[in-house]
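Take a look at the structures below.
There are two complexes below, and they share subunit A, which is joined by subunit B in the first and by subunit C in the second.
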Partner chain A sequence: MIDVSAFNEALGIMFSSVGSWGWIVPGLIVGLVFSAIPGISITMAMAIVLPMSLYMDFFSAIVFLTSVYTGAGFGGSVPAILMNIPGSPSSFATTFDGYAMSQKGEHNEALGYALFASTLCGIAGYVLLLLVIEPLADIVLRIGPVEMFAVAIWGMMLLGSLGSTYISRGLLAAALGILLGTVGMNTAGFTRGTLGLPVLLDGIAPIPAMIGLLAASQLLSLASRDYIIEAEGSREVSLRKILKGCWGTLKYPGVLLRGSIIGIIIGAVPGVGSSIGNLIAYAETKRTAKDSATFGKGNPKGVIAAESAVASGEGGSMATMLALGIPGGGATAILIAAFMMHNIVPGPSFIETQKPMVYAIILNNIVQAIVLLAVGIGFIYVASNIMKVRTRYVLPAILVIATLGTFAVTGEAAGPITLFVFALLGYALNRYQYPVSAVVVGILLGRMLETEFLRSYQLSGGNPLYVLERPGAMAIFAVMFISLGMTAWGKRKQNRAEAAEALALRQIQEETRAAHTTPSKG
Partner chain B sequence: MRIGRHSYAIDYGHLALITFIAALVFWYLLDARSVSLSVNNLLLVQPVAIFALAMYLFIVPQCFHKVEAREAAKPSSENDPFAVSLSTDRADVMRMAALGVSLGLMVFLLDVIGFDIAIFLFAAAAMAICGERRPLHLLFFSLAVTLVTIYGFRALISYPMHTTLL
Partner chain C sequence: MTHFTRRDVFKISAGGVAVASGMVAMPSILRAATYPSRPINVIVPFATGGYNDRLSRAFIPYLEQELGQPLVIVNKPGAGTQLGNSYALNQPADGYSILCTSAAPYIPLTVLLQNAPYKIEDFSMINLPSRDYTLAATSSGGPVKTFAEVIDKLKKDPTSLSIGVQPASADYANMVLAFQAAGIDASKLRIVTYDGGGPARNATAGAQVDVGFVGGEGFLPLKSKVRPLAIFAAEKVDWYPDAPLIGATLKTDFVEGSQRGWAVSTKLKNEQPEIFKIIVAAVEKASKNPKAIEALKLQELATTWYGPDASNKAYLDNAAKMAKYVDLLK
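Up next, the complex of A and B:
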């Protein structure tokens, strides 16, 4: 399952580029700090530090960014456990039992469970990736342009349909992203949508656009708050109790395994990601547990299930990114941008030609998960204070860094201007519940989609029935339409149920109000 | 707005956003068609643009809410911790708009007045917008942001960065 010679070369890459190891701890700290601040997401953290990686060599850049990703996976659980406020959506399920444990005075143990589950399942996700990347490479090499186009369209459809409450808004966002990604000169030599600006001939600069959409737009919306979050007082932190929690995690191997499997599968599907994976893992663990009645009241299994899915989801999403070159969400979209900045295109040919590098990236992520254990414990000590930073200090500093970051990428004012334009667009899209990540991925994949579609058209000679000769593509299209139909049906059902529930709630409130007002009249 | 027996509330902001997107898509389609009608040019752009315009027509009715339905929908969104909870309070919206304007001014003035002055003015303006009123804090924190970012990025990047004082 493992190409031994490539594996040995990977070890050589790791030990010959010792400088890259130095980026693990800063990356983890950046990820932990940013994701512990509610309102600042993993993707925002990665988008802000992305330009810095331009000046590193390729391996160091990927080590740094994946360290941010790894740190962010756990960072969000700290405020989730201590304050019932998930630092990022992927820590939502951690609040259910984590905060309940915290209220019982078991916050140290809860943090220990979360940290050790994150470490173990982060490693599990990447070990599995290490084992499957070789067979996966053989499969993806058989993928032609038609299948590649089908997979990319499927990914966009999923991102669009699952990233928002409204499927139609998600699909419009995905279509807008694809169109923005095709601005400039296409592979056939036609130039569109440049407004006569030479800077747009190569298309919209994806990194400034991404930083604007994912980071700056969110930061603008924080201007109305004095503190990013009104935090409770800090709680006493005990290393002994945290380690006790870490040790206690090993008592639940079944929960860890289930959470990991769910996390890996969900993480590998574009558009779904860890924000849903942790909820599914939690629900499944609760459903199958004998003591399901204690879930939500401080059951450690709830914390472990949620955190294991978040941590292992990273390995799953990296599998899709490395094998197909398709980002599963915002964070992997940024990793793809980092690959592109170093003129490397992830996907089938990357795995085939750079197998030692792929192994080195995976092995380094395993190291990161181990280092997280030490850095994470240190971080818990300072975490409760981080959340009390006033926006008046955070906002100007981060916005200036983001702006200069885009300048560092483009070397001209076009970068900051792109950031500004897309920050406004991102703000407006967020305001009306359009999934911004669908636009980002569209911008990244637009050019690739058009190229693969053109190749398919040229191969088929313009005959649409050519797709019938490609069973793989047909299967992907079939799955795409079925999953889209099921999502639409599910959301319709969910919306109806929510509307009925809201109506019932309103009736109860009105009845209660009427019951309270009637005696006073009398 | 009243249609028949029902009262409708129009979400003008949402309507303006999707109309802007639809206009942008329509212009892009026309621009692409004006370049060439070759299949190699329009193979992806035309169907995706038409799909986006179809989605626009599908979304437009979502900008019109029955007044009663809108009121009923409010509590459910309040219960969702991940619902987009951007403040609609006038003062908050003004703050966000002011921050957006000052970001735009900084971006467009970077090459005109120099990165150092533009960053200093933006940092001070952003702090003031977020509520800082103490002059010394405004001065020293903005100065610190300017010095750290200018010297930090100058050490990091190879492009010339136009500055007036630093």
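Up next, the complex of A and C:
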């Protein structure tokens, strides 16, 4: 639990280095702008500013970098909501309901919901982190391949809630995605499907592939319109409506809480990153919601669920980094490097000897989340103006920026080529009504599914009863099946009720018809 | 060996033309006399934040002092350094591209296992200050106390302990060599593979696997969470003194884990010996600069000066050993 004297010292560090607070706003803006550009991920944004932070003193550097991280956690949802193109993989689930809302002319509200969910759960994540950083770190180390495999399966369940006209095509698309996700050298050192290209040894780069798949279909469908939203009256940018969305978030405490818990736990697991938490949080919220039929058609709960998991995942990821010196994802790997460049090695000894500093970093993150509220409102107010620009100007600009973004990672043509190939694939999938999002989920989860399944197999020596030795994995599977069973039961009851209702309605109709027809007979 | 695609031929001839035109315009001695006259690229075949990236960023201020020109870090990650190494070899051999890489085990591994389009001799070492060794370790709370115990248990029942290791790595070769020497049937072991040292270390510290064979240096931040069982080094390792040497328990051959530091293309060394000398002298001076030593030590980075001859020998010896045991890696 919290160490009071260290906490007081942490406040001292915070207030004695007020100069470093000046880095919060620039950091947030850098994070927001970079992550709102499709094709540039949080990791990349941080890699770009890392060398800059070398010239700052330690606390300023950490404040600046974590501010970029906090800002980037939200920025990706702006293009997701306005254009159906996620700025980074972690805002993929935000597109499902966010874009649907903006098509209904509720983009202001949707952005408000996303921002508030993001900041509130970001704060919640860090507060929890302040309390349980050490026990959490120990639990995280105990999570093994079987548990991770269970989590990956859970992520795949999202497919069921994506909805498509044909089940068979949905499954086929998911299978294709998983296959694409396993291209490259696997964890046992076998190389598959690289076509002899060295760049594919590390697998297909997920960001250009995702942007290609989603953006191509989206941009082509937008090209036939004059503006992103067709109804002229809905294209307004309204501060009042943004604030209304912000306020509206508070009506769904259950969704916020569930998203935060899922986000923190998944974010804390090393090597998973934030791109899976949002998928699971969305799927779970949809499954348990009474109005699940309206998900994907512009239900604010969908936006809130996805964003809450992304933001709280940052706290989880930060916990693993500080307590164990292990990066939860690419962005925290950069943060570790920044620590080391300032002669500090995060890990168990760092937390023991420098607890005030750890608390100061966490507290500063809470401050950042609060500042993000103000900066974020300004940012979405400016960004929403894209709605007023004709698509003929917006689309080419987005294509050029996305291509540059994918090129910027390594400075190799591999990024843009991946983007182009997957854009063609995305177009073909759309043309024949295969759900593109199922392919994306497959690409994001395929590698993890395979790796963890393989490791579970190796660890157990092929004995399936090994799962009985892993209570954690059994608990995850149990929760998953119970939640599935309850949904199925609920659906059955609902179907029955609906059938009964329909029957009653038909009877009434028949009776009235009979009542109308009988007299004419006579 | 020499099957060139049209693209290769184009690249080689284009590179040749560029070099040739450079040579025509400026005789070798004159080029050396003006070297360096513009910023120099430091190619790091890893992403930002890795060991080599940190090493290069911490070291270049001191190298800049010696060379009198700014150094620019170019990160070219991917395919186990193959992309960055190929990129470095494709640059003109004029001294304006220096590699900061994990020469061992990655250059031999990419050549032996990935058919990389270069040879081990295409790289010449300037200095390889950082040496890492395979460490066999277990979780600090685990039941196993010594490496002898591991061998005893596995001899009785090869499935009794699970083992975490990165496939196709020096660590993997060391694990197989040790178990062969101990007479353990490696085909029956429960080996869990990890695609990187980091995940394998986490699995060891978290007791996901009973014993992990991973590069020891990365364990330092997690030192309190693991118990070292054996380190695959010939002499006591100064950054991990409490790790028992493998020789104390078992007589076995082993491969050095990692050799990281500064290298250039052999083409530069042969064609521009004057420039090569300038670079070597600058790295030597910077490595011996007390300020550099102090600054790098704080970041747990190595600055030891071995020199090009000793470094090259260590690199070639390691590569030869890897080639000898290549069948174990597959």
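What we mean here is this: the second predicted complex is superposed on the first by the 281 of 522 C-alpha atoms of A that agree within 3 Å, B and C clash if a C-alpha of one lies under 4 Å from a C-alpha of the other, contacts with A are read in each partner's own complex, and residues count from 1 in each chain.
Basically, a residue touches a chain if its C-beta (ideal position, glycine included) is under 8 Å from a C-beta of that chain, and two chains touch if they have at least 3 such contacts.
Given the structure is predicted, the values throughout are model-derived calculations rather than measurements.
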Which superposed partner A:Ala223 touches (first subunit B, second subunit C, both, neither): first
Partner chain(s) touched by A:Arg492 [first = subunit B, second = subunit C, both, neither]: neither
Subunit B versus subunit C as contact partner of A:Lys104, first or second or both or neither: neither
Subunit B versus subunit C as contact partner of A:Leu454, first or second or both or neither: both
Which superposed partner A:Leu201 touches (first subunit B, second subunit C, both, neither): second
Contacts of A:Pro346 with subunit B and subunit C, given as first, second, both or neither: second
First, second, both or neither for A:Phe92, with subunit B first and subunit C second: first
Touched partner set for A:Pro396, first subunit B, second subunit C, both or neither: first
Partner chain(s) touched by A:Ala413 [first = subunit B, second = subunit C, both, neither]: first
Residues of subunit A that lie at the interface with subunit B and also at the interface with subunit C: 186, 188, 411-412, 454
In the complex with subunit A, residue positions of subunit B that touch it: 11, 13-14, 17-18, 21, 24-25, 28, 31-32, 35-36, 38-41, 43-45, 48-49, 51-52, 55-56, 58-59, 62, 72-73, 75-76, 81-82, 84, 86-87, 89, 91-93, 95-96, 98-100, 103-104, 106-108, 110-111, 115, 119, 122-123, 126-127, 129-132, 141-142, 145, 149, 153, 156-157, 159, 161
Subunit A residues within the subunit B interface of the complex: 52, 55, 86, 89, 92, 166, 168-169, 171-172, 175-176, 178-179, 182-183, 186, 188, 190-193, 216, 220-221, 223-224, 226, 275, 390-393, 395-397, 399-401, 403-404, 407-408, 411-413, 416-417, 419-420, 423-424, 427-433, 449-450, 453-454, 457, 462, 498-499, 501-503, 505-506
Of subunit A, residues touching subunit C in the complex: 47, 50-51, 54, 140-145, 185-189, 198-199, 201-202, 270-271, 324-327, 333-334, 336-338, 340-341, 343, 345-350, 410-412, 451, 454-455, 458-461
Subunit C residues within the subunit A interface of the complex: 47-50, 53-54, 57-58, 73-80, 82-83, 86, 114, 116, 159, 162, 167-168, 190-195, 198-199, 202-203, 205-209, 220-225, 298-300
